[in-house]
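A short write-up of the structure that comes next.
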Amino acid sequence: MAGTGLWLVGARGSVATTAVVGLLALRAKLVEPVGCVTERPEFAGVPLPAWEDIVVGGHDVVHTPLEKRAEQLADAGLIPHRVLAATATGLRAVDARIRDGYHPATHTGAQADAVARLVEDITTFRGEHGLDRVIVVNVSSTEPPAPSLPEYSSLDLLEAALADPARSVLPPSSLMAYAALRAGCPFVDFTPSPGLRLPVLHDLAVSLGLPYAGSDGKTGETLLRTVLAPMFTARALRVRSWAGTNLLGGGDGANLADPVQAAGKLESKARGLAALLGEGVTAPLHIDNVPDLGEQKTAWDHVSFEGFLGARMNLQFTWTGLDSSLAAPLILDLTRLVAAAHDAGQSGPLASLAFFFKDPVATDEHRFAQQTDMLTEWAQALVHSADSYPQADTDTPETSPPADKMARRDAPGNGWGLGNARASDEASS
Amino acid sequence: MAGTGLWLVGARGSVATTAVVGLLALRAKLVEPVGCVTERPEFAGVPLPAWEDIVVGGHDVVHTPLEKRAEQLADAGLIPHRVLAATATGLRAVDARIRDGYHPATHTGAQADAVARLVEDITTFRGEHGLDRVIVVNVSSTEPPAPSLPEYSSLDLLEAALADPARSVLPPSSLMAYAALRAGCPFVDFTPSPGLRLPVLHDLAVSLGLPYAGSDGKTGETLLRTVLAPMFTARALRVRSWAGTNLLGGGDGANLADPVQAAGKLESKARGLAALLGEGVTAPLHIDNVPDLGEQKTAWDHVSFEGFLGARMNLQFTWTGLDSSLAAPLILDLTRLVAAAHDAGQSGPLASLAFFFKDPVATDEHRFAQQTDMLTEWAQALVHSADSYPQADTDTPETSPPADKMARRDAPGNGWGLGNARASDEASS
Amino acid sequence: MAGTGLWLVGARGSVATTAVVGLLALRAKLVEPVGCVTERPEFAGVPLPAWEDIVVGGHDVVHTPLEKRAEQLADAGLIPHRVLAATATGLRAVDARIRDGYHPATHTGAQADAVARLVEDITTFRGEHGLDRVIVVNVSSTEPPAPSLPEYSSLDLLEAALADPARSVLPPSSLMAYAALRAGCPFVDFTPSPGLRLPVLHDLAVSLGLPYAGSDGKTGETLLRTVLAPMFTARALRVRSWAGTNLLGGGDGANLADPVQAAGKLESKARGLAALLGEGVTAPLHIDNVPDLGEQKTAWDHVSFEGFLGARMNLQFTWTGLDSSLAAPLILDLTRLVAAAHDAGQSGPLASLAFFFKDPVATDEHRFAQQTDMLTEWAQALVHSADSYPQADTDTPETSPPADKMARRDAPGNGWGLGNARASDEASS
Amino acid sequence: MAGTGLWLVGARGSVATTAVVGLLALRAKLVEPVGCVTERPEFAGVPLPAWEDIVVGGHDVVHTPLEKRAEQLADAGLIPHRVLAATATGLRAVDARIRDGYHPATHTGAQADAVARLVEDITTFRGEHGLDRVIVVNVSSTEPPAPSLPEYSSLDLLEAALADPARSVLPPSSLMAYAALRAGCPFVDFTPSPGLRLPVLHDLAVSLGLPYAGSDGKTGETLLRTVLAPMFTARALRVRSWAGTNLLGGGDGANLADPVQAAGKLESKARGLAALLGEGVTAPLHIDNVPDLGEQKTAWDHVSFEGFLGARMNLQFTWTGLDSSLAAPLILDLTRLVAAAHDAGQSGPLASLAFFFKDPVATDEHRFAQQTDMLTEWAQALVHSADSYPQADTDTPETSPPADKMARRDAPGNGWGLGNARASDEASS
C-alpha cells in the first residue's frame, strides 16, 4: 500500500515529534519496533503501509523547529542521542512540510476561510507526494468539552455559521476534523477534544465514506484500569473506590493544569470506569501539573474492594511512563490501520480500534482483553478481504477496485467547493 | 444436583475454615455471595449444586476446634463477628465430621493401610449423608516438590511400594489424591503440592473416569501477573524484569518460611511468568514469613519495561489481600464446578478451570482474560448438555443417564479392594 | 497531680471516643500504652496526672451514645471487641457528662449567652468533680479558615459583637476557645479550625495566665513530611516537587469533602512544607472523601528530587493509618502535658509542644527530630521545676505555691462575670 | 588547605567515576554543588580543602578508560552529556594517575610485597603533586565479611603472615587500608568490606595518629530507615516488621548477586535496624540483581506497626535512586572532612561522621537527625580550633603547629621502611 500520508495536527508537540523520529529510525532500522502493535505476529499479512511508504506533514501553531524539539526530548530521556543524530536530515524534511495551524486567537474572518486554507494545505501535500491517501491525526493540545449547539447536529446550520465572520462555531479540533473530511481524509482523534465527535461531523464522515477513529489515546492509568477492572468483575469482587492521581509535566501537563482544559480528560476517564464497574464506585481523580517531571507521567491508583464475607482489601499501583514514548508508536499503528480500513472501503467510526482509546467511538467495550480480541479479529478480516480484493494493497493501480468500494472512497468532494483540490489529488494517486 | 459432599484435606486451616463459615453464611443468607464466581450472571442455568446441597467433612492433622479457628479468623478481620455467632452450630456439625489425616510422622505401617483408612473415611461420609458424589479438595499445608521416581509412572510399581511398610513412597498430598480416586471422588488441588500431578495418578483418574482440577489457587500476586502481563504483550512493550516480594503471616506464612516448602510455590509462580512473557525476563521472587501480618498478604511487584526507541518505564503494584477470603469462595466454586463436570461425565484434567490456578493442569494458557473466556464457554456448554440430559440435575434418579456417561463414573471401584464401600455409596445416592 | 479534667469539644467524634475508651482501658490495665508519648522513659519523673486522675466530660452537637460510637469504631478495627465490653460502664459515665455544644444553626440570641452557658457547663463539671484544673481540647469537626476582622484584634470590639444578638462574630471553635479561657481553662486546639489563633484570644490567654497548645494534630502525611524533608536538606538534595493525595472516610472525610472546610487543613499542610523546604517546590495536595475506607486514611506522597550533576530521583510513600488511633493517645498526652504546664505556671502558646502539631503555635520549627528534642527538654525542665516546687504535683494543697506562679493561674476570673464559678472551682481544688 | 590528594580504591567504578566527573564539573563551575553536604551553610568557615585543591589518583584492577566509563554513566542518566564533553581532558589526566590495584588472583609472592608497591604508588602520587596529605577512600567492589583470626588482633602476627608468601591473610580492602596507614594516610571505608575494621588496623591507625572513617556509605534504603525509625520510637508506636527489597543493576548489583559478597551488606543493614528499634522486629531483607535497571536502585520497604489499643497500620515506601549520584558527592565531602580532621590532629575512628555511614565506626548512633547534629557540632568545633591554630588551614607553613599535633601526624613513617617517601612528601607541603 504505497504512498500513505500522515498529517499531524500538533506536529511540533511531544507525541508528534517522537512519532516522526521513531518513523525515521524504524525506516533506517536503527531501532526495533518495540511498542508498535502492528508489528506483532498477529498482524502479519494485514495489508498495511510499510514504514517506507509513510510521508509526514502537519499543522502546528508554534514554530519551534522539529529538530530542536527532538533535542529537548532526547535530554528528557525519550530519544537516544545516537538516534537523534541519525535522523536530523529526515526531521528537517518533515519540518519543511509543517504548515500554520488554525488558532482562534490569530485567525481573522469566517472559519470557512480557515477551512479552505487547511484543506488546501493537506491536498497540496497529498498531490506533491503522490499519495494514495492522507490520514489526519490530531495530537494537538487538549481542548475543553464542547457545549451542545444546534449547529452541531445540522450540516446546513453548521456551514452557515462557518461562513459567518462574527462566529467561531467550531473548536479548533472540530474545525480540523471538518477540514480533514472536506479534504477526503480519514481522521484519528488521539486527544479528548471534541474533534470529530459532533453528530454533524459523524454524519458527514459516513456520507463521505470516510472512516475515523478515536478518542483520546489510552497509554497509562486508563490502560491499566481497563486491564485490571475486568479482573475484579470476573472474580465477583466488589470494587468500592478507585482513586487516582496523575502527575505530569511536559506540554500536556501545563495544558491540563488548567481545569477547563482538563475537564475533557477527566470526563473521558470517568466514563470508562463507570462502563467497566458500573455506578456506585467512589472515584476521585486528579491531574496535577508537576513541571519538574518533564516528559514523565506518574499515576498512582488506589483500589479498595470487598471480598467474601465483607473482607476489605486493596490494590495500589504506580505507573511511571514516558507518555510520548507510549503514544508515538500508536500514532504510527493508527495511521497504518486506518489507511488499511480506508483502503478496504470502511467508513464511519471504527469501533474495532477501541484498543487504542480511552473513550472509544461506537462501542462501550472498555475491557482491554476484549478490545485486543476485537482488534485482532478485525485485522484478520482485512487479510482475507485483501486476499479477495488483491488490488487494494498492490502496486497495480490500473486494476479497478470493486465499484461500491471506489464509490465510497470517491465521495468526499461531491457537492462541495473543494472538488478541484481533491480531484487533482485523486489524479495523483 | 442434590447431595454433593465437599471433603476438605486440611479442614482446620484458614482457607477451609473460611470456606465452611462462608458456606453456612450463604446458606443462611447472612451475606451476599461476593467473591463467588459461580454466582455471576454467566453461570445462571449451569447445573450446579445449591449451597443447601453441599455437605462438608474432611481430614486434618491438628485438632483445634473449627469454632476456635473461626474466632481467630474473626479477630484477624476475615469473618465478621455477627456471622461467627450465627454459624456456630453449623461449625460444630462440620467439626464432628473431620477425621484424622495422614501424617508421615505419626503413621506406622504401609502407606496402603493409611489409604484404606482414608478411603473408608470418605466413603462412610458419602454413605451416611446419602451423597451423589464427594469432591475432595486439598487445602492442606504446602509440600515441597516431589523428585522423579519410577513409581510415579507405573501403577504396579506404585502399589507395590505402597504395600511396603518400609517405604513412604507418596508425599501426603499424593497419598490423599490416590485415596480420593480410590474412593471414586473427583479431586481438586488448591495447593502447589505434588497431589494428583504424578503421571501415574493422572492415568488412574482417566482410567477411573474421574475429573480433577488444579494446581495452586490463584488469588494474589499471580492473579495480577496473569492480568497485567498480556497487556505488555498486546502493546508490544518489552518487559525486562519483573521482581516480586510476598509478605505473609498465618499458617501458610509459617510453612513457606521453610525454603524447602516454599520451593513448590516459587516454581509454580515462575512457570507462569515464563509462559506469559517468554524467557529472558529477570524475575527475582521472594516469600517472607512476617507473622505480625496475620492473615494478610502483601505483595509488591516491580515491572521494568522498555518502550519505543528504548524508553525505560516501570509499573509497581502493592496488593494487600486477605488470602483466605480470596481463596474460600473459590473452594466453593470449584466444588460446584467439578461436581457439575463429574455429573456431566467429564474425566481427567479440567483445563477449562485454569482461571482458578497458578499452575493449571493440561493447558499453558495463563492469560486471565482468556481463562475467563474458557471458563465461561465451558460452563455454557454444561447448560446445553444439561438441557439434553435433564436427569443430570433433577431429582429423578430413576431415569438412567446415558450409558457411556455412567460407565465413566462407574469405573472407580473396578478391580480394587474398596468396591464395597463405593457400591454402598452409589446405592445411597 | 490529682484531679485533672479533660473537656472534649466534639466529645462524640472518632478521636474523642477512641481517647475515652483508651483512657478507660489504660486505667484498667487492659492494654499497654502504645502510642502514648508521655509513657516513654524520657517522661519518667515529669509531674503528670496519672490515668486515674483524669476525669472526662465534653460538648457535642449530636447525641449518638458514646457506647454506640465505640461499637462502630470496634467494627472499623479501631477498638478490640474485648476492650469494648470491659469499658462499657465507664463509657456510660462519661456519656452522662457530655453537654450540648454550640451550633450556629440552632443557637438563638447573642453569642455571649452561648458563652455563658458553655462556661457554666465546664465550671460545673470542675466543681462537681473537685478538679484542680480542666483542659479543654477541641476535637470537633474542622471549620473553614476565618477572615480577618477588626473584632479579632480587640477585646472591646469582640465583646461588643458577642453581645449583639444580630451577629455571630466568632466561629464555633473560637467561641469555644473563648469560653474555655473565661472558665479559666487551658486550651488545646487539635484541629485546623481558627480556635484560639485569633490575636485577641491569644492576648486574652496571656493576660489570664493560661497556657494553650495547637494547632492541628500531626498524625499522618504531615508527620512523615516533617520527618523526611529534613533528610533532603541535610544531604543537600534539592526537592523539586512533593505531591500528595489523602484518601479518607469517617466523619472527618465527609467533612473535608467540602472544599471550604478542607481549606484550613490544606493551608496548614502547605505552610509546613514551605517552612521545611522553602518556596519553589511544586506541591499539589488533595484530600478525597472515600467513605468505604471507614476510619482508615491512606496517603500517597511522591517526592521528586535532584541530586549531584542534576540526577533525577524520587521517593514515594504510602501511609495507611487509622487516624483516630494515632490521634487519641496524643489527646491524652496533651492533656497531661498542658496540665503540667498550667501547674508550673506557664501561660500563652506552648511552642515546645510543636511535636504534636501540623501548624505549631509560636514557632516555625517543623522538623520532627528537633521538635522531639524541644519536647523532651521542656519536659525535663518540668522535672526540675517540680523538684524545686514540690507542691505542684503532690496531694498537699495546703502548701502555697510561689506567689508569681499562683498569680498567673489566679488571673482567669478577674474583671469578668464568671468570677464566682471560677472561685468555687478553685476552692474545690 | 592546599594540596589534598584523594586516592580512590576502585577508581574506575561507578561511584569513583561520578565523583571525579563531579569534582571536575564543580571546579569548572558547570554545575551547582547539589548533594554536597559540605557546601551547606553550616559548613561555612570550616577549614576544608577547596575543589581546586583536590588532586585525584587511585587503584583499580580493571583498565577501562575513565572517559569510557563516564560515557556509560552518561547514557545511564547519571552525567549530563554536556558535562561529559567539558570534563574529558580532566578525566584523561586522572586516568593517567590510576595504578593497578591488588588482586588476590593475579598477585604472586607475599602480601607484604603488594603492600610495599601500593604504598609506593600513593607516596609517589603525594610527592609528585606536592600534597599536604592524601585521603585514601575505598570504593572498590564489596567483599564478604572476614572471619576472626588471631592475626587480626596482633600486629606482630599480622606482619609475620603478610611476609609469608604462602598466605593471603588480609582481604584486599584490609590490605589496602593497611597500605594507606603505612603510607601515612587517613582512610575512608565507603564499602561494607572488612577494610580498616580489624582490631589490629584500628590500633595501628591510633598509634600512627591517623584518623579514619566508615563504614558503608548510607545512600538509600538505610538512609530512610534511620530517618523514619526514630519517628516510630518518638511517637511510642511499636514496629512489628520492617521488610525490604532492593533491586539494583550496575557493577554493584552484579557483585551483590553473589550471596557471599552480599552478606556484608545485609549484615550492616540489619545491625542498623536492630540498633534503632531493638530486637524483636521481623525484618526480611533482599538484594536482587536486576541488570536492566542499570545504575538505578529501587528499594521497597514495608513497615507494619501497632498503635493505640492494638490498632494495626503500615507505611510503605519506594525509593528510586541513582546510587552513584548519591554516593559521589559524599566521597568529596568525606575527603574534605577527613582532611580537616587530619589537619586538626585527630586520630582513630571519626564517630562524628556517622551521618555518612550504614555501619558507623565507634558509635551506636544510627538516628539520622542526631547524626546530623553530631556532624554539624563537630564541624563547628573545627572552625574554632582553626581559629585558635590558624596555621592549620593557611598557607604559612613556617608557623609551627602545637607540638602534640605535629607529633601525631608525624608518626606514620616511624620505624617503617617508607620513611623516605613520606619525608619528601611532607617536605613538599
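Here the chain labels run A, B, C and D in written order, and each chain numbers its own residues starting at 1.
Following the convention adopted for this analysis, a contact is a pair of C-beta atoms (placed from the backbone, for glycine too) under 8 Å apart; a residue touches a chain by one contact, two chains touch by 3 or more.
By chain, with names taken from UniProt: A, B, C, D = Myo-inositol-1-phosphate synthase.
Predicted model, so just to flag it, every value in this text is computed and none were measured.
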Check: interface with higher C-beta contact count, B-D vs C-D, is C-D
Dup interface of A-B (contact pairs over half shared, numbering-based), picked from B-C, A-D or C-D, is C-D
Cα centre of chain A to Cα centre of chain D, whole Å, reads 53
Expressed in whole Å, how far the mean CA point of chain B lies from that of chain D is 54
Averaging C-alpha coordinates per chain, one finds the centres of chain C and chain D separated by a number of Å equal to 46
Each of the following residues of chain A touches two or more other chains, namely 77, 306, 312, 314, 316, 318
In the complex, the residues of chain D that touch chain C are 18, 21-22, 25, 31, 33-37, 39-40, 77-80, 83, 223-224, 227-228, 230-231, 234-238, 306-322, 325-326, 328-329, 355, 367-370, 372
Interface with chain D, chain A side, in the complex: residues 77, 81, 318
As the complex stands, chain C meets chain A at residues 240-241, 243, 245, 247, 282, 284, 286, 288-293, 298, 300, 302, 304, 306, 312, 314, 316, 318
